[in-house]
Amino acid sequence: MARIEFLGPIGKEPQELAISNLNELKEIFAKDEKLAEWLGICAVAVNDKIVKSTDMKINPNDKISLLPPVCGG
Amino acid sequence: MARIEFLGPIGKEPQELAISNLNELKEIFAKDEKLAEWLGICAVAVNDKIVKSTDMKINPNDKISLLPPVCGG
Amino acid sequence: MLELHDGSLDVPKITARWYEEIKDKNFGAFIPFIGIVRDEFGIDGLSFDIYEPILNSWFDTWQKKAKEQGAMLFMAHSKGDVLNHTSSYISAVVTPQRKVGLRLINDFVEDFKASAPIWKYDLIDGKRVYAKNRSQALSGAGLLA
Amino acid sequence: MLELHDGSLDVPKITARWYEEIKDKNFGAFIPFIGIVRDEFGIDGLSFDIYEPILNSWFDTWQKKAKEQGAMLFMAHSKGDVLNHTSSYISAVVTPQRKVGLRLINDFVEDFKASAPIWKYDLIDGKRVYAKNRSQALSGAGLLA
């Protein structure tokens, strides 16, 4: 199972999901109303590296992070 | 008499000269061998304001300063 | 050198410590950038969440870039609450030559604002309110939309 | 604020004093630039002459320019001898917004190098040697040639 973490202000508990790529995750998230406002503005990291394609293969034990808009300083 | 000061590394004592403009000063300085290496690289201030023209009228008690190349910091 | 502190940063102490660390290493310029929380929008202060794994790798990448130019970077940031008129952020560059340093601190701070995984909240009436409209989406945002 | 000191600058003390002065005034960014004497060309240090009347008016002009942008400038410089690995120059800008501040500190330091009436000497074997080939002629130079 991959672990999904929702960072910063998203305020949602981590999830464990059996997925083999990010396209599957996208389909699952499309049904989650709580995420509707966040998906369009969040970047995605797999094992702490930001990724740019949903074709990315996901292995069991991978960590997926959703990163909302930032404002350090 | 105007007072002429030679700033920083020029290492020359101040002079008092009876001149009425900077063109006269230029003529006097042209004969000063010690200044030969400096005139081409020095800026000139009258009463602590840098001037760009030798037509400038000089009054008695004016202070004229020669400013060689700078390197602060 | 990246350091995270709970609450406000002690600016004189941190910058003095960095200066002591570098002063005998023959750098010619030390340029700190200090961010101070402004009293604006009716806030009492700001609060910060940080995702450290990605912040660390982002900083390491910049440190390598700095080293290639003979420079070195420092950064300190607050976690949690930081009241108005105190500091939440310090970064600094040390370089042999000033021009490299002035360009580097500018580029580093700009990229920090765009890329560092840090979330800012306004402290209003004891509550944390996400500063959404002052935040920037990261490069690659919207992948799952 | 322009201050001249005999010999090396006490960097932590000066920058801490400036920070204390501005921290409650609702500026958002404080950006010091600290120059440190490098051990190079076989020197033991540097030495400086300053012509204060023109330095003061040059600084006042910049302070006005800064105020028009809601910013404020500080500067400290050494007179006389400054040994290697100690500081001879600190300038700082405080601004509401970082972008104005980063541009201003860059432009201020560049113009300082080109325009401030300060003469630099290398200290070599106890002698002061004018750093002629690292110096820049002022705008208007050559008027009497």
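We just call them A, B, C and D in the order they show up, numbering each chain from 1.
Note that in this section contacts are C-beta pairs under 8 Å (C-beta built on N, C-alpha and C of every residue); 3 or more make two chains touch, one makes a residue touch a chain.
Keep in mind it's a predicted model, so treat the numbers as computed, not measured.
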Groups of chains joined by contact, in the absence of chain D: A, C | B
Cα-centroid distance, chain B relative to chain D, in whole angstrom: 25
Approximate Å spacing (C-alpha centroids) for the pair chain A, chain D: 49
Chain A, residues touching no fewer than two other chains: 73
Touching two or more other chains - residues of chain D: 35, 98, 109
Contacting chain pairs - touch in the sense defined above: A-C, B-D, C-D
Interface residues, chain D side, partner chain B - complex: 35, 48-51, 53-54, 57, 77, 88-89, 109, 112-121, 130-132, 134-145
In the complex with chain C, residue positions of chain D that touch it: 11-12, 15-16, 19, 23-24, 26-40, 85-87, 96, 98, 102, 105-106, 109
In the complex, chain A residues that touch chain C: 7-9, 22, 25-26, 29, 39-45, 48-54, 65-73
